[in-house]
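Read through the structures below before going on.
Below, subunit A partners subunit B and then partners subunit C, in two separate complexes.
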Partner chain A sequence: MKRIFDIALGILAAIGGFVDIGDIVFNVAAGAIFGYQLLWVVVIGVGAIITYSEMCGRVAVVSGRAVMDVVRERLGFGAGLVALIAGQLVNLMTLAAEIGGIALALQLLSGLPYRVLLVLGVLALGVVIWVLRFEWIERVFGYVGLTMLVFAVAAIKLRPEWNEVASGFVPGVPSSNLAVYAFFAVGLIGAATVPYEVYFYSSGAIEERWTPKDLGTNKANAIIGYTLGGFLSFALMIMAGALFFPLGISPEALGTVALGAEVPLGQIGLLLALVGVLFAVSGAAIDTVFSGAYNMAQFFGWEWGKYRKPVDAPRFTLGWIVMLVLGFVIVVTGVDPIQVTEFSVIFSVVALPLTYIPILLVANDRTYMGANVNGKLANVLGFLYFLIILAIALAAIPLMLLTNGGQG
Partner chain B sequence: MSKATEVDIALGILDHQLVDSEGHNCGNVDELEVRGLDGDAPEVVEILVGGNAWRSRGLLGRLAASLSGNAVHVPWSEVDSVTSVVTLKRTAEELGLNRGDKRWARLIGKLPGS
Partner chain C sequence: MPLVCVVLAAGCGGSGALTPKELQKEAETVQSAAAEGALLASDVARDRTTEPFARIHSGVLVEQVKPATQALTQGHVPGELDARRKQAARKAKAVVDALEELHASPGDRAVARRVLRELEELSS
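Up next, the complex of A and B:
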């Protein structure tokens, strides 16, 4: 019984932890511009993140090696360093976007000036990371982030044409506006698969001291948690498709997104939406902060882990403090967090193949994995998603330039 | 190493995690010193960790090496076992590893609750 309870807790945390500022921005914008037409793309993104999270979680459990460790081993120092630098730049951009999202959500809740809230937000993150244990960080933000489910209620209340929603799950291409459509497809997959998710997921498996008897938990967390997280993405897109698409509004601000819950549900909807966004984005900020520190420590072989006392993993501790400070410095310059989000998602797609290929290789290595090597299904899906990721990685930047970042 | 096993040194040792006798991470196998490559019995004599051990690791490695100090040399006789990590027979401190952690621990240790 305790075991089922643990699995349920993990899954809940995964749902809340999946959705971040990138998912919010891209799903809502895609819904506002293309209605429900891009829903099928989210399915691909969620499939990819399930496949690779399960795989890297299994590698971490069986061999004790998290993602950046495996990257270094398989790619060597030179190519590994390229993967590290790319991963860290993307982590930092993502973090800056999430911190901006925190301040925007706080601003909508409190009305205080944005820059003041940036400082308060970052200080609060620092204190939370310093004081709370790993499990609690994951859970608090995961659970409270679940209030984002208000967007699902909002989507239903807005009475979308369900047959149109259903046809959005069938892959298709529009007759016009093809480049912008493709840009959003890339962005949606990128938002669902941001690299920090696998860095954090695999390191988290070691933080939580998973052993081979937790392999079932790993699978359940990845499959159920991310599927339900994907459900939240659908909700955001359907909400935007039902509300903003017919009006021709393209939400440029987080406030407009929250309006999607306020219109059908009133003040309480708005409040729940903002609290949900605040916690989901804060949780993601913490995940990226840790990911930055995990990556450095794993690449260079230092002691790491939130489960250790800060003084027992000093370079890891220093790593997350530096990440937090750098993330703050980027947003405090006054860059638009929504713009940073778009950049971070597009660049994360470019960095992804270098992260995924070592995972796929090690998961197939019997000397590492013993009886827990990839089965046929994991390999077919792993290879298929790798090809998709590679294709969109090559297309990402040309599409961004061609469409002027989705503006058409 | 205690028992004879066949290991691919490029894939199975190079760039792997080093763990000391107390289970602490203490760097990565950044380079291997191999002797007797022209003879019929080449053997690994040393593991190089950190600093200029990276200089032989491509362009970026040269750059990284030029920015850091000397590598730590760990004799191969100090290796206890090779699994997904390379485990050493003595502590990091005895082998001169993890000096960076020691340096930063002094600073981090000043923070409350560390």
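Up next, the complex of A and C:
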């Protein structure tokens, strides 16, 4: 019974914690520009994150080693350092975007000045990270983030043409705007597979002291949690396809996303949407803060873990504090968080192969994994998704330049 | 998406020459903000939103349209497109004015109804 309860809690946390500001921005923009035509791409992104999260969780459980530890061991110091720097830059950009998203959501809720809310938001994050235990951080933000499900209700209330929605799950090529379509396809896969998710997932397995008995929990969390998290992505895109696409509205602000819940559901929809966005991006901000500290500690062999007292893991503690301060410094300069989000997602795509290939290699290594080495299905999916990741990594920057960042 | 404004630092706002494609883009930005403003005004008029949200989001929309308004007002286009540019510039200014009114009175349902009518007309 306790195990079922643990799985349920983990799944709920994964649903609420899956969607971050990158998913929100790219799914809503894709729906507004292409209607439902890009829904099939979300399926690929969700499939990739399920495959690699399950793999890195299994590696962490069996070998006791999280992703950056594995990256350094497999790629060596030089290439590993490149992966670390790329991963940290993407983490930092993502964190800045999430912090900006927190302040924007708070501003839309309260009407208070943005910069004041930036300071309050970062202080609140710092206190939460310092005070709460790891599993409670994960669960509180995951559960309250579930209010994002209001977008699913909004999508249904907007009465989309369901046959058109269904046809969006069939891969297709548009008759025009092909480069912009490809740019959004890359962005959607990138948003679903941002590297911090696997850094955090694998380190979380160690934080929660999973043992081989928890391999079932790992699989259930990855498959069910991310599938249902992907459901939120579908909801955002369908909502935007039903409301913004017919009106020619091109979303460029977080308020537009909230409007998508307000129009069909009124004030309650607006408030649930803003609270959901606030907790989803706050959860993602915490994930990226920790990912930055985990990466440094695992790469350089420092003591790490939220379960340790700060005095027992001082460099790890200093690491997350520095991440938080740097993220704040970037966003307080006045950069637009939505633009930072677009950059962070596209650059994270470029860094993806360096994060994902070591996971695939170690999960295939019988000397590490013993009986829990990758099976046929995990290998087929792993290599297939790796090829896709490689292709989008090569295409991301050229497409960004070719399409003027999706503007066409 | 406005990403290219940062990447290339060109083509958004300013007072240089406007290509037909840029003219079209700026007009689409104005149309998008007008349509979105109409949705917001409709919710204010029916008391289906909150004052902070209406005030902040209408302000954001104003800031989105201003660079397009400037580009349309001051940009140069080939002669045959100038009438289209002038019409788009007038429309952009009207959208900014309507959104600023909503921004100044986010809780006033009568103002919202008037703004809604204006923006619906401008976005059609």
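Going forward, the second predicted complex is superposed on the first by the 408 of 408 C-alpha atoms of A that agree within 3 Å, B and C clash if a C-alpha of one lies under 4 Å from a C-alpha of the other, contacts with A are read in each partner's own complex, and residues count from 1 in each chain.
The rule we apply is simple: a residue touches a chain if its C-beta (ideal position, glycine included) is under 8 Å from a C-beta of that chain, and two chains touch if they have at least 3 such contacts.
Everything numeric here is computed off the predicted structure, so don't read it as measured data.
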item	value
When subunit B and subunit C are modelled together on subunit A, clash or fit	fit
Touching partner for A:219 - first (subunit B), second (subunit C), both, neither	neither
Contacts of A:304 with subunit B and subunit C, given as first, second, both or neither	first
Included angle at subunit A between vectors to subunit C and subunit B, based on C-alpha centres and rounded to the nearest 10 degrees	140
Subunit B versus subunit C as contact partner of A:76, first or second or both or neither	first
Subunit B versus subunit C as contact partner of A:109, first or second or both or neither	second
Subunit B versus subunit C as contact partner of A:406, first or second or both or neither	second
Partner chain(s) touched by A:64 [first = subunit B, second = subunit C, both, neither]	first
First (subunit B), second (subunit C), both or neither touched by A:157	neither
CA minimum distance (subunit B, subunit C), superposed complexes, angstrom	28
For the subunit A and subunit B complex, residues of the former touching the latter	63-65, 69, 72-73, 76-78, 80-82, 130-131, 297, 299-304, 309-315, 317-318, 367-368
Parts of subunit A lying in touch with subunit C, wherever the complex brings them together	29, 107-111, 243-244, 247-250, 252-253, 255-256, 258-259, 262-263, 266-267, 270-271, 274, 336, 338-339, 342-343, 400-401, 404-407
Contacting residues of subunit B [partner subunit A, same complex]	12, 14-18, 24-28, 30, 49-50, 54, 57-61, 64, 84-85, 98, 100-101, 104-105, 107-109, 111, 113-114
Contact footprint of subunit A on subunit C as seen in their complex	1-8, 11, 25, 28-29, 31-32, 35-36, 39-40, 42-43, 48-53, 55-57, 60-61, 64, 123
